[in-house]
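The two complexes that follow have chain A in common; it is paired with chain B in the first and with chain C in the second.
For the complex of A and B:
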């Protein structure tokens, strides 16, 4: 899709809260426009009451995720020409999260699940005595490295069918975070964290459908992290953990 | 369900899936062989009678199915409905016992004539 041959984008933006409707806007096409650029254009030039969330605009902060033509995406790094259907584009808030207004979701539940999954680093008693020696090629280090770059955008959570079916499910991002800490030699809460993620709506609720992996804008593999947690929980069970 | 319980169920489902994978192939192979040779129902039953190997195989098959199916059904119900908790666990166990009872009865009937 070459945006240069188009005059305008036919934009449908979600307006309202849980109850609402799509409103139509026409936005001029520009070179290398992102989805976030288009939403910003609407807010600054057409309707100042449009609410949306962004901060860094360079794919670091994880605050601008929205549903774009039915697919959860980070909008600041998504070229509109690559995801539009013709010149039509529908932008809605992320799925599985309460809508505050227009494109803004309440992320509280999402981050509360990080806490429930043991997402906070717990230093071992002697952690401040000296630096931990962790070789770069250590297997646990590599496992943590592969999952560490999560920006907390919620795209995986919105794309996960299991979250839709079981709202209490911790979700891919929280479990991915737990996996990085389970593999952190400096962390002192491994057993408690495995117990936290192996609960009724924890890692075992995942069907390995890998929607999280497919949609992750950072190309992480939360499905693999969750599979790792399942193995660790089984190993803990084998050793007599609870 | 306790935290260890969820991990235990996950392991049980994976192990039973492995057994079922082999058992289903053997079962289908046996059916295809019997059909290909052209055995009558009476000929099949006569071969099963007092056959300890068949009885053992199908008891393992039935046990694996009785473990595997209710765990999956419990997960599907929890996802598709609002049914959760102890009553769902009890129902899943009851379904497991029903599957095992029906399957064991069929195996005993064919191999021991009970």
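For the complex of A and C:
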């Protein structure tokens, strides 16, 4: 798709809350335009009442995720020419989260689940007395490293069918976070965290469909993290734990 | 546009493997009882059963059931390997193996029938 040969994008933007409709806008094509640029154009030049979120514009803050032509994506680093169907593009808020207005979702449930899944670091007694010695090639360290770069964008959560089927499911991002802490030698809440994620709405609800892994803009693999939690939970059960 | 997009968001091999596993699981749950029931009816006399079991329709239905079972069994083994062994990125190979073995088993079964 070469954006230079196109004149305008035919944009459908979600307007309203849960109840709402797609409104049409025409936005001039520019080279290397991102999806976020196009939404910003609408707000600055066509209709100032369009609500959407962004902060960093460089893929660090995780606030700009939207559903772009049916697929959850970070919009600040998605070139519109790569995802448009011809010159048509439909932009909606993320799925599985309450819509506050237009493209803005209420992320509270998403982050509450991080807390429920034991997402807070709990230092072992004495952990602050000295530096922990964790060799860079240690297996647990590498497992944590592979999952640590999450920006909390909610793309995986919006893409996961199980979240759609069972709204109480903790979801890929919260479980992925729990997995990084389970592998953190300085953390002292391992058993509690495994108990927190091993419930009905926890890691065992995942069917390894891997939509999360497919769509994560940071190329993380939440499905692999969840499989890791399943093994730990099974091992805890085997040892007669919770 | 949206139906197509919903498909697009899920069009990857692991999702296909999941769908195949679910469909074969549900189909097994539906057809296995029928299979046992019909078997029980037909087995009342052994001779009648043997004649009955050689009807082409019955043979194809049985081959279908074997394919479903093989698909579901290998698909289930794939899930177990994926989740209970340390994660590796050879899942696509696992899907292919699971499909291939299933087809193989069903074919051997059909050849045996003739």
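Structural remarks
Following the convention adopted for this analysis, the second predicted complex is superposed on the first by the 242 of 242 C-alpha atoms of A that agree within 3 Å, B and C clash if a C-alpha of one lies under 4 Å from a C-alpha of the other, contacts with A are read in each partner's own complex, and residues count from 1 in each chain.
Quick note on the criterion: a residue touches a chain if its C-beta (ideal position, glycine included) is under 8 Å from a C-beta of that chain, and two chains touch if they have at least 3 such contacts.
Keep in mind the model is a prediction, meaning the values are calculated, not measured.
In the superposition on chain A, A:234 contacts both chain B and chain C.
After overlaying the two complexes on the shared chain, residue contacts for A:71 are found with chain C alone; chain B is out of touch.
When the two complexes are overlaid on their common chain A, residue A:205 makes contact with chain B while staying clear of chain C.
Shared-chain residue A:108: touches no atom of chain B or chain C. Applying the stated contact rule after C-alpha superposition, one finds that A:26 touches neither chain B nor chain C. Applying the stated contact rule after C-alpha superposition, one finds that A:88 touches chain C and leaves chain B untouched. When both complexes are overlaid on chain A, the residue A:8 reaches neither chain B nor chain C. One of chain B and chain C touches more residues of chain A, and that partner is C.
By the touch criterion defined above, A:166 reaches chain B but does not reach chain C.
Residues 230, 234 of chain A lie at the contact with chain B in one complex and at the contact with chain C in the other.
On the side of chain B, the complex with chain A involves touching residues 1-4, 6-11, 75, 78-80, 84.
Chain A makes touch with chain B in their complex at residues 162, 165-166, 195-196, 198-200, 202, 204-205, 230, 233-234, 236-237, 241-242. Those residues of chain A that touch chain C in the shared complex are 69-72, 85, 88, 90, 159, 161, 207-211, 213-215, 221, 223-224, 227-228, 230-231, 234. By the touch rule above, chain C contacts chain A in their complex via residues 1-2, 4-6, 8-10, 12, 14-15, 18, 79, 82-84, 87.
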